[in-house]
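These notes are about the structure you will find just below.
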């Protein structure tokens, strides 16, 4: 480390500005677009023939477009952005090559767009959570590597050598994604493996993406925000370490559903791993409990609210997944909307909420401009109610559907009818989520815009001052 | 919207969070060990120990084996015979056994020659072939010669007998609807009695051997 | 944790373990699978999809059918059925023989109304005694392996699907959700080409209250020319086109239906034993070779 004058938080924040603006604004745009497609997909259940003449919005394309945009468009860039800021702040170091990271982010968004256009035009790969065709996958991989390298260089130049838990989680997430993503791209699309090995790879990838990558990236933010906002130390280092290890060791084996055309050992192992995820879940619950108990901070619809709800959703989703992994329950819940319900809870409730918390915490520091608390508060309530209205009825509807499916005396259509109420409420949830996403987009864009307006004002003020001085002369 | 950069004090000068070094609660570790033990037990019961041929609800190869249909028996011989028939006989008699008048091949379906009480004359016929007129289902066939297909099958005498037995079983099962297996030993005995013969049989000779 | 090396080591150990488990080992175990022999008929299974059906698989993928339809049959158990085909010439001695092995079957109904299943036993070996006893007195029995489970009761398949069923699919789409019925055996379940085409065009016309979206994008509505097209859909009621128009399936619709009709996975395999339904009786009529 060079012996230059120690950097200050505000210097670090401004070095993050360019990459974060690119990552967050793109993420917000994709989130809005994704909720539009989510809404279109959900409408199909009320009026099946709604998009009968419009291939782009037909369910089989709207649904993958929704999940693609949500995961690759929103989740990964926002997670990366937050991770970058955390590594810079906690390592007390300015970002290395912010321009290159911003270029990587632009390239990433381009890849997401290419994938999106391909999906709605029927070039879907056919693997859930990995819908993008291979040319888009290659763009994403390259741009991720471009960003990850400079994020890592930033980390390695840190001046603060003691490591904080958020750094472990972020670093592991940087390592995780290229490995799982390249495996999936190579073995599913470039040199496709034979038969059900494809399913195995695809499920392994999806499990690692949803249950490990999102968890690592989200918890990095949680472990930073909770102590920071409550102004208390994280309780404790060892518990966080325990969460880290157990998420890595158990989470990576989840993903293979109980019912699959794979040999018994694979689904058995995977369901055992899903049950083991109860361990990090309980450890996380105790961390949050011990850290925030007695804290006098009111959350008031700000970052702390988002973050707490994120943890709650993580615990609920993990618990639901663990219960659904038990063979007797899986017999009912597999192949139903229950799985979709708790996955949505994980995506919208845990990850998106945690990212909102982090972004609302980071943006004012990077732009120097506060975000109107009324707008974050309305976003919080819309997102919270929307997520609950979407996920909970889906899970209940899924159980009802599963019971009808298991009851062979009931005709198949009864199982579809059993979910209709869930869909009605769920669509309402999607609408609220979509409005929330719009507010989020407005918050991010206005925040960035007002930063440049402030700069322009200062510049004008300077120019005027010079002019006045010249006039005086 | 507030465009002014409002730098509040907590934004510019803020300490990063720290982690307390409180010890790990023991109950969590105990819970993890318990769950790991239960998982291992569960895997032992249902996991099939990494066998690629074991799919739920079966739990082991031995378990799958318990439900394998009995091999041996007529079904297996019929399956073998079907293959041998399509390799050696179907060229003339067709896969469906309807024969081929253009080449002078009589049909096998419902033929009285196929439905004879024992398989003796069929084994003789397959072994040495046939020439001369033959009446099948009331129609006289005289333009073709059947070669000594049985003798020209590859393999030792025992293997030949076994193959001929399978063919005879299949033909009688499929075209004559006689579900009786022709045993290789039976074929060997018949072939031993005609082993020095080189000429084709005629229909009369066959009828004499088994009326 | 003090150093970044420990973090990367932790991540490497955890991820390489699951990578080996769910990527490498499956590839070693199943990645080179080739056609297997069915039991006991020894036919090669599965056969690769040909032409139209193979193209249809691409249409299936492109339309995202997998988000509502699974292509895998589950199985919860298996039972072995002893079917009494014929009580032989002396029915009472057959009954006596049966009763010796299974005393609870000692009642006259056992040997009336044949063929019927007289007992379910734990496995094939457990049926031996009964089979021997009945055949010894001239009766005929059949032992059948019958997989059980809700999917099978719904008629979605005869047995569970296993890795072997998918070896020739490039995008394997087992699916994880059943907003619509399972399609693993739709080719044998609903083998009617016209039904399939009509159902794709207007699902409600074939299945009342169906929640499946109509796939009108796969069809062409056109003015009837001098002669009506031979392959126009025969539609009635709400879904019928206005007079003077006809609905003609596009190539994509034909490919998709060819694919659907090719879906079938019920061959008896070692890893998923099942007694196949009795083969069609051998041809009885002497097809005149003229």
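Order as written gives the chain letters A, B and C; numbering starts at 1 within each chain.
Quick note on the criterion: contacts are C-beta pairs under 8 Å (C-beta built on N, C-alpha and C of every residue); 3 or more make two chains touch, one makes a residue touch a chain.
This one's a predicted model, so the numbers in the text were calculated from it and none came from an experiment.
Novice: If each chain is a dot and touching chains are joined, what shape do you get: line, ring, star, complete or other?
Specialist: complete
Novice: Looking at every pair of chains, which has the largest contact count?
Specialist: A-C
Novice: What chain lies closest to the overall centre, CA atoms only?
Specialist: Answer by centroid distance: C.
Novice: Could you please state the distance in Å, as a whole number, between where the Cα atoms of chain A are centred and where those of chain C are centred?
Specialist: 38
Novice: I'd like the Å distance between the centres of chain A and chain B, where a centre is the mean of that chain's Cα atoms.
Specialist: Averaging C-alpha atoms per chain gives centres 52 Å apart.
Novice: Could you please state the distance in Å, as a whole number, between where the Cα atoms of chain B are centred and where those of chain C are centred?
Specialist: Chain centroid spacing, chain B to chain C, equals 19 Å.
Novice: Return the residues of chain C touching two or more other chains; collapse runs of consecutive numbers into ranges.
Specialist: 29-30, 76, 160, 162-163
Novice: Listing for chain A: what residues touch at least two other chains?
Specialist: Touching at least two other chains: 261-263, 269.
Novice: Name the residues of chain B that each touch 2 or more other chains.
Specialist: 50, 52-56, 58
Novice: Note which residues of chain A are touching chain C in the complex, please.
Specialist: 44-45, 48-55, 58-61, 63-64, 122-128, 155-156, 163, 167-168, 171-172, 175-176, 179-180, 183, 187, 192-201, 203-204, 208, 241, 244-245, 248-249, 252-253, 255-257, 259-263, 266, 269-270, 331, 334-337, 339-340, 405-408, 412-413, 415-417, 419
Novice: Residue numbers of chain B touching chain A in their complex, please.
Specialist: 1-8, 11-14, 16-25, 28, 31-32, 35-36, 39, 42-43, 46-56, 58-59
Novice: Could you please specify the touching residues of chain C with respect to chain A in the complex?
Specialist: Chain C reaches chain A through residues 1-4, 7-8, 10-12, 14-15, 17-19, 21-23, 26-27, 29-33, 61-68, 70, 72, 74, 76, 150, 153-154, 160-181, 203, 207, 209-217.
Novice: If we count contacts the way the header does, which residues on chain B are in touch with chain C in the complex?
Specialist: For chain B paired with chain C, touching residues are 50, 52-58, 64, 66-71, 75-76, 79-80, 83, 96-101, 107, 109-110, 137, 173-175, 177.
Novice: Would you tell me which residues of chain A are touching chain B in their complex?
Specialist: 8-10, 89-90, 92, 160, 164-165, 224, 227-228, 233-240, 242, 246, 261-265, 267-269, 272-273, 275-276, 278-279, 282-283, 286, 290, 327, 364-365, 367-370, 372, 446, 450-451, 453-454, 457
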